[in-house]
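Here the structure comes first, spelled out in structure tokens, and everything after it is commentary.
Think of it as A, B, C, D, E and F in the order they're written, each chain with its own count starting at 1.
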Amino acid sequence: MKPAARSRLHLEIDLFRAGKSTGFIRVPHSVHRSAYGWLPIPVACINNGEGPRVLLMAGNHGDEWEGQVALGRLIRDLDPEQVRGRLIILPSANFPAAQAGTRTSPIDDGNLNRSFPGDPDGSVTQQIAYFLEHVLLPLCDYAFDFHSGGSSLMYVPGTLCRRDPDPAGMARLLGLMRAFGAPIGWIGSALQGQDRTLTAAARRQGVVCMGTELGGGGQVTPSVLALAEAGIRRVLAYVEAYTGPVPARADTRLLTLGGNDYYVYAPDGGVFEPLVELGDEVKRGQPAGRIHFHDTPWRAPTTASFARDGLVICKRVPGRTERGDCLFHLGTPYDG
Amino acid sequence: MKPAARSRLHLEIDLFRAGKSTGFIRVPHSVHRSAYGWLPIPVACINNGEGPRVLLMAGNHGDEWEGQVALGRLIRDLDPEQVRGRLIILPSANFPAAQAGTRTSPIDDGNLNRSFPGDPDGSVTQQIAYFLEHVLLPLCDYAFDFHSGGSSLMYVPGTLCRRDPDPAGMARLLGLMRAFGAPIGWIGSALQGQDRTLTAAARRQGVVCMGTELGGGGQVTPSVLALAEAGIRRVLAYVEAYTGPVPARADTRLLTLGGNDYYVYAPDGGVFEPLVELGDEVKRGQPAGRIHFHDTPWRAPTTASFARDGLVICKRVPGRTERGDCLFHLGTPYDG
Amino acid sequence: MKPAARSRLHLEIDLFRAGKSTGFIRVPHSVHRSAYGWLPIPVACINNGEGPRVLLMAGNHGDEWEGQVALGRLIRDLDPEQVRGRLIILPSANFPAAQAGTRTSPIDDGNLNRSFPGDPDGSVTQQIAYFLEHVLLPLCDYAFDFHSGGSSLMYVPGTLCRRDPDPAGMARLLGLMRAFGAPIGWIGSALQGQDRTLTAAARRQGVVCMGTELGGGGQVTPSVLALAEAGIRRVLAYVEAYTGPVPARADTRLLTLGGNDYYVYAPDGGVFEPLVELGDEVKRGQPAGRIHFHDTPWRAPTTASFARDGLVICKRVPGRTERGDCLFHLGTPYDG
Amino acid sequence: MKPAARSRLHLEIDLFRAGKSTGFIRVPHSVHRSAYGWLPIPVACINNGEGPRVLLMAGNHGDEWEGQVALGRLIRDLDPEQVRGRLIILPSANFPAAQAGTRTSPIDDGNLNRSFPGDPDGSVTQQIAYFLEHVLLPLCDYAFDFHSGGSSLMYVPGTLCRRDPDPAGMARLLGLMRAFGAPIGWIGSALQGQDRTLTAAARRQGVVCMGTELGGGGQVTPSVLALAEAGIRRVLAYVEAYTGPVPARADTRLLTLGGNDYYVYAPDGGVFEPLVELGDEVKRGQPAGRIHFHDTPWRAPTTASFARDGLVICKRVPGRTERGDCLFHLGTPYDG
Amino acid sequence: MKPAARSRLHLEIDLFRAGKSTGFIRVPHSVHRSAYGWLPIPVACINNGEGPRVLLMAGNHGDEWEGQVALGRLIRDLDPEQVRGRLIILPSANFPAAQAGTRTSPIDDGNLNRSFPGDPDGSVTQQIAYFLEHVLLPLCDYAFDFHSGGSSLMYVPGTLCRRDPDPAGMARLLGLMRAFGAPIGWIGSALQGQDRTLTAAARRQGVVCMGTELGGGGQVTPSVLALAEAGIRRVLAYVEAYTGPVPARADTRLLTLGGNDYYVYAPDGGVFEPLVELGDEVKRGQPAGRIHFHDTPWRAPTTASFARDGLVICKRVPGRTERGDCLFHLGTPYDG
Amino acid sequence: MKPAARSRLHLEIDLFRAGKSTGFIRVPHSVHRSAYGWLPIPVACINNGEGPRVLLMAGNHGDEWEGQVALGRLIRDLDPEQVRGRLIILPSANFPAAQAGTRTSPIDDGNLNRSFPGDPDGSVTQQIAYFLEHVLLPLCDYAFDFHSGGSSLMYVPGTLCRRDPDPAGMARLLGLMRAFGAPIGWIGSALQGQDRTLTAAARRQGVVCMGTELGGGGQVTPSVLALAEAGIRRVLAYVEAYTGPVPARADTRLLTLGGNDYYVYAPDGGVFEPLVELGDEVKRGQPAGRIHFHDTPWRAPTTASFARDGLVICKRVPGRTERGDCLFHLGTPYDG
């Protein structure tokens, strides 16, 4: 199947064929070691009659594993008979990054979630972004983008959406978040990356979009993976794309994510010692973490403090830190 | 002060001067950007009359932060009046690695804990090992080497010692371990790295040596750091090198660490999903983890299983894994 | 001589001066090691009265040597008295790549033949493409671009052209191909690289363009070099740009190159064992090559097969192969 | 304070607050080691009532230190009471390059002074250029950009301006140059980098702009630093932005900088031996330097000569040289 | 099974177990991405009663593929019932190099065949060499080391041995070479690499050793692979380690390899044009190849000539060449 | 000519042949891009009857150009009739470093002057050191090793020798230094690099050795080059190896070089501002330089001071500096 005129990527599978298809999206890649080669992004598609059209993707950042593992299992386990409509499943969207185990692509240093709307003649990551926004998204009603904290951050597992000014739209987003059933869900108006994310691309293409931040630290944990797998089935059932059994869900605490005062950044370079834990309620002015000077350990560390009250939903993982690295960010109760 | 004849390293501070001294061990480093430069390894020394001579070191691996932060605080906070004898404190022993935030040195790829007895004319890491074994250790009665799991592993916090065939020696080691007060302590006869570790160097130099494995994942956590700081004071008090207040300690569960059947290794490359958690009791044959093939997610993952019963004391952190990476290791009850 | 207004490249030689001129195209390159430097792309020009204006270039990919050596010899050996009109000879068009011996430029990873129409403010490779399309091509009637298989591919030596819907244009192209006298010649409508190649640039500028694929494997062989040198003189004589002696030519077998089913790609990563040779006639379904798993040699290799009947005109050279690398491509008889 | 709508950079300080403010320009940088980090470009601002609005910047190239050190001292030493209007001081404009000690940025190989007008969605260096041209310059009447020769070039210390066709504008520029008081000052119509420099950006934004070339060789010297510090105070006093004491100035010799014949480039690669010194008056045809072949020292060196008469104002520093590197450039008397 | 005391490598399989065993040699490798990992070198062993003990190895250089593919097939296809004695099969001896597709190891730049007798505490390549010489070779009567030309050289397929001063030993070596049945076989007294090769190690351990040079160019060809597979079975049958069917063999032309005058080296850097082909008989003084200056193609190339008469048995493949690269080497008739 | 038994290096030229010979020392180098290649170190030899045997070398560090250029000219210009005895001239002793323009070798990071006595089986730099100490030095009476400050340091041009406890030996060294005629000459007992330098190797081999430090900064200047060329001829005349004309010489000021208090090192990382110049007489406690914090320019710089009185003979060149870099070193009057 040939994608839209301008994209140079080639889909091995037919997105309109009934049943389950698996194969690769081929990204042309003409380099010294292979003049006429392509990079293989794995993709699966399940079609079963009428129903919603859903894109499920992970690996937007290559080192966010929970969604990649959960979507791989979905490809293997899902019975097409339990599907209604079409699922396009893209477990490792920035495959070169996932192959390397890094947030960004080793080929062009590209951060896929800062590359939309992409460029059909640009770098590999820009070509992938273009294909997602201009070939796959226009074929979909819903897009679910499964992120985690990756190598540098750890989250209280949660779902997230952009605030929708239309009440019906907002209600639909809240319904998706409650269906997924993560401990927290956040609604933001100024998310990181702004108009260059998959979320922004989905909005431009008129696609309903929900994201997640599931754990992180560059690892997989049994409990977060279990949440991811159950949440995916619940949200597919919620949009009536899946008719199989779904596990029971817990309540989701809804939060708002605001601007700069929700974040704590490293005031200096050194070794980061956190002074609070994920899930703590903190107060404005409370010490958040220390930066230790391991080149001159007799020098007193620098302390960073919270700029407002809130719930700690994200913290930095690696000890080694540079000035400007995000150490924490907060959420505050969602006001509806 | 000039160290032993053959080492080319230079100590800025006088190890025999009363009170607290801080400065650098200078490692000559003649390179393009600086023909006559040296690398600065921070070091502190506290002398106060008669008493045991103790080496406290961390940063043997550069990305094991808990001990580095705890020893830095010890340098800043310890009142020399509360010391008896001499403490030599080396928070970032392989400083080039700690500066880079990596296990091994970016200068020579050197793993310091696989470099003993070192070489005075070798690479930077080999020169550091030589200095530790031949200059610092001969000045000491005790050596405490504070490791953690680093970027790739996470441990149940613990202390560890090599089995001592002499009952009195063994009793002394067990006393140190109980004094430190970590949740677990292990005694091994075939530890990783064998005769090339600081532990082996200490044994060669007749120095009583205890190590730790404190958390890991390349991060610092408040609870493990608190354990490290309390444990250091307790063990210094136990050897009568410290007369200040000590926090109460918890019991330590003693374990034995055996050979290859205590370890689970990745049977293939891919993404690692653990099936058990740290602290779980497992049975021989029980599935330990899966390796997922994220390049072809429709392919079933490979499962690795435990080769014996035991307690899970260590697990791999990063999702991205290659064949041969250690996924878990076990401990079994210490038989005395 | 100053090139067209927007290009930042500077031509040392005067393209309108009678006789033979040699020098460099200067590509401004302001970097740490030289704030006001330029990169020197060697170029020659021969003018002798009225006649066609011809661009002869090689080194579009830096590791395709046959054309580079043949054009260097042409610069040294050609007597201006035997020329009619103007020859612009550019033996190493992507000179930084040729200097490094690689397909793409070490400066910007640029593949020149995927960079047209170029960008006067872009990377070095994009600036070269812009200069070729907007400065040199508008001065020419013919462009001959001498490619080979490069480091990763080996070809049955051949000429190639894009299919021209105009019968007169097509006849002229066939005449050029027959004049060159390679064993095969192919006509394609969907060549690799599409609208970003020198061929596409020439079409946009109204220049008649023929390419070659001469051997490959990153090497020079006496027989292919002899063909290149004779073919260049024959084709120059054919367009009446050269009046000297020409060696006799052999017949050229005309072929068509089609879409995806003409190509065989590696289904997995490993070591490539070809099962056919260049020049073989193969059948649909016939095994083409095996990919061996040298990390687990007891595992059976994967076999790739041809998707259609045809003549093997290109094969991959390096044993070490990744999924998606082109292993073979085919030609089928030209139907006129 | 939020900069202009499209730039993604964030200013920590308020440019309209009275007195001296210091902090960072935050460049969002989402990478593997820090998903939500930013790069910190140090900036200071001094406001004191009515007066001219002046941008003082250095570190446009990261290895040009004289201006960076002088502006750092200005930030520390200047009493806001002695200021009239507003000074924005940006000592290390391309901070990632300055941090690395290189001309260009290690993040994207970007040469900031070849990146204007920049791109708000481009690479880090392109984003900095965009912020400078579209956020900071529109707030200014004057821009002073303190360059030096950097690692590869050494200059007779001087000021430089683009020729202004308006006599009043030209007089103002000459006044600035005389006020700064460097040994030489040059007026050029075709400066290196053309429309992609800060100078060109300033002209586009209607800002009066003067640059410098202060020494070089990648180093700081006491005499050039003293000139820089005195010259900055003199030029600020000249535009009535500074009311404190100013050191006396020397006369400036005015020169013109012309086209290609003012430059000498390396005709080959090897080791560069200069045959003249900075400040020498040279004649057309005079030998300028030799390139020695240190791989075959028995081979005679190549000699490069001057293409016109003039004063040597710039020479290459490093011995190791490639074909195309600038060895010298000349100035000729300014004709008014 | 635990290898000899000092080697740190661990064999997963039991070399004394009847039948076919496959698994890995584990090379301990403690690095940032895996603190307790090992590198997996694949190995197989077939035991069947009494008989000779034979080591078959390839991948001594990682980019010599013919032997690696042939030995992998031997592991899969050989019926243990057809074996007599013990075969140890090591298809990719320097596995990190083979995995990367390079001659030398990407871990330590180690050339395994210049690393004997190895070092149990040295780099990864030195540890592999030590294990081969001190653990595996002492268990063997014969060692066959299947080399090819690799990425940089192409050979007339041949076998090679060191001259044995003992006539019985020499006869046995000639018998092995004739049994293998390659087009040529050479006997040398001063082979490349001298006392640091596997051949030298085998001699030190009293093991009869034959090598090969099978094609090259970093590729696999059907004809050379067929020779390798047949030759391996013939030579195993000759030493009575194999009782299955053997293909008929061709005659081998015996040659002597001498000192410096048998080799032609590049007199300069540039692009290599060979003037003779493999298998040509050449005369002293005959031009062998040209080095073209592609940076200044108007400059005449340099010609290298043969220093003696002989048969061309090896040539350089890559066009891009540096001074000192071997272009050709010769053989002369073996005098018995 | 074959060098001593154990060295693997091969000399192309015959050191005993009358007249001038030029060629290469071949260092075997078997790597991916060339399996049987060698690295070419240029060397020349002039023999003319009886007389002293002298080694003249430069390029011990690859970025010290003055001696390399001067010795290249000596090779080209010296008339063998003016020589007595034998001169071995090695302009670029660590040729891979000189080719790269770096202090140390890009192949193995080797600092040749920290590699003696070398290792015949070691890295490339260790093999060169072994060849110099064990093959060339035993053939010589005198060794002159022409260093400069290189890329990171600048010297008052001088000669240097190790203190010789034998008065006759010391007088001979002083005679050599006075004959060379540099502005200063120093005698040291604890020179940088100690027993691993060429000077130490010469002493071990009973060869009279004098070194130089000629300028630096990684550049060539006309005045220092003129001194080098004249000094070389004067010192050759002094040992009666040269009978041609010699330029007049100036007096040399003799200095002593002592231990740590003669050096000033950077107390922190940042940008180095020197406060004194080469040739200044300084006092203990006098400020020597400042380290500026260009990441936070509002922070006061750190000042480093001299630890004793003396003459400034060496200063650091590059602005960007790390803690531990040498900023200055001093000399004090030679006491005889």
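One rule holds for everything that comes next: a residue touches a chain if its C-beta (ideal position, glycine included) is under 8 Å from a C-beta of that chain, and two chains touch if they have at least 3 such contacts.
For clarity, every value in this text was computed on a predicted model and none was experimentally measured.
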Least hop count linking chain B to chain E through chains in contact: 1
Candidate from C-E, A-B or B-E with the same interface as A-D, over half of contact pairs in common: B-E
Farthest chain (mean CA position) relative to chain A: F
Taking each chain's C-alpha mean as its centre, the one farthest from chain D: E
Interface sides of chain C and chain D: same vs different residues, half threshold: different
CA centroid of chain E to CA centroid of chain F, Å: 43
For chain D paired with chain F, centre-to-centre distance based on mean C-alpha positions, whole Å: 36
In chain A, residues with contacts to at least two other chains: 40, 63, 151, 295, 318, 323
Of all residues in chain A, those that touch chain C in their complex: 8, 10, 24, 26, 29-40, 121
In the complex, chain B residues that touch chain E: 61, 63, 102-104, 109, 111, 113-114, 149-153, 192-194, 196, 260, 263, 265, 316, 318, 321-326, 329
Chain D contact footprint on chain F (complex, rising order): 22, 40, 42, 44, 59, 63, 65, 68-69, 71-72, 75-76, 91-92, 95, 98-101, 151, 217-222, 225, 271-277, 292-298, 300-301, 317-320
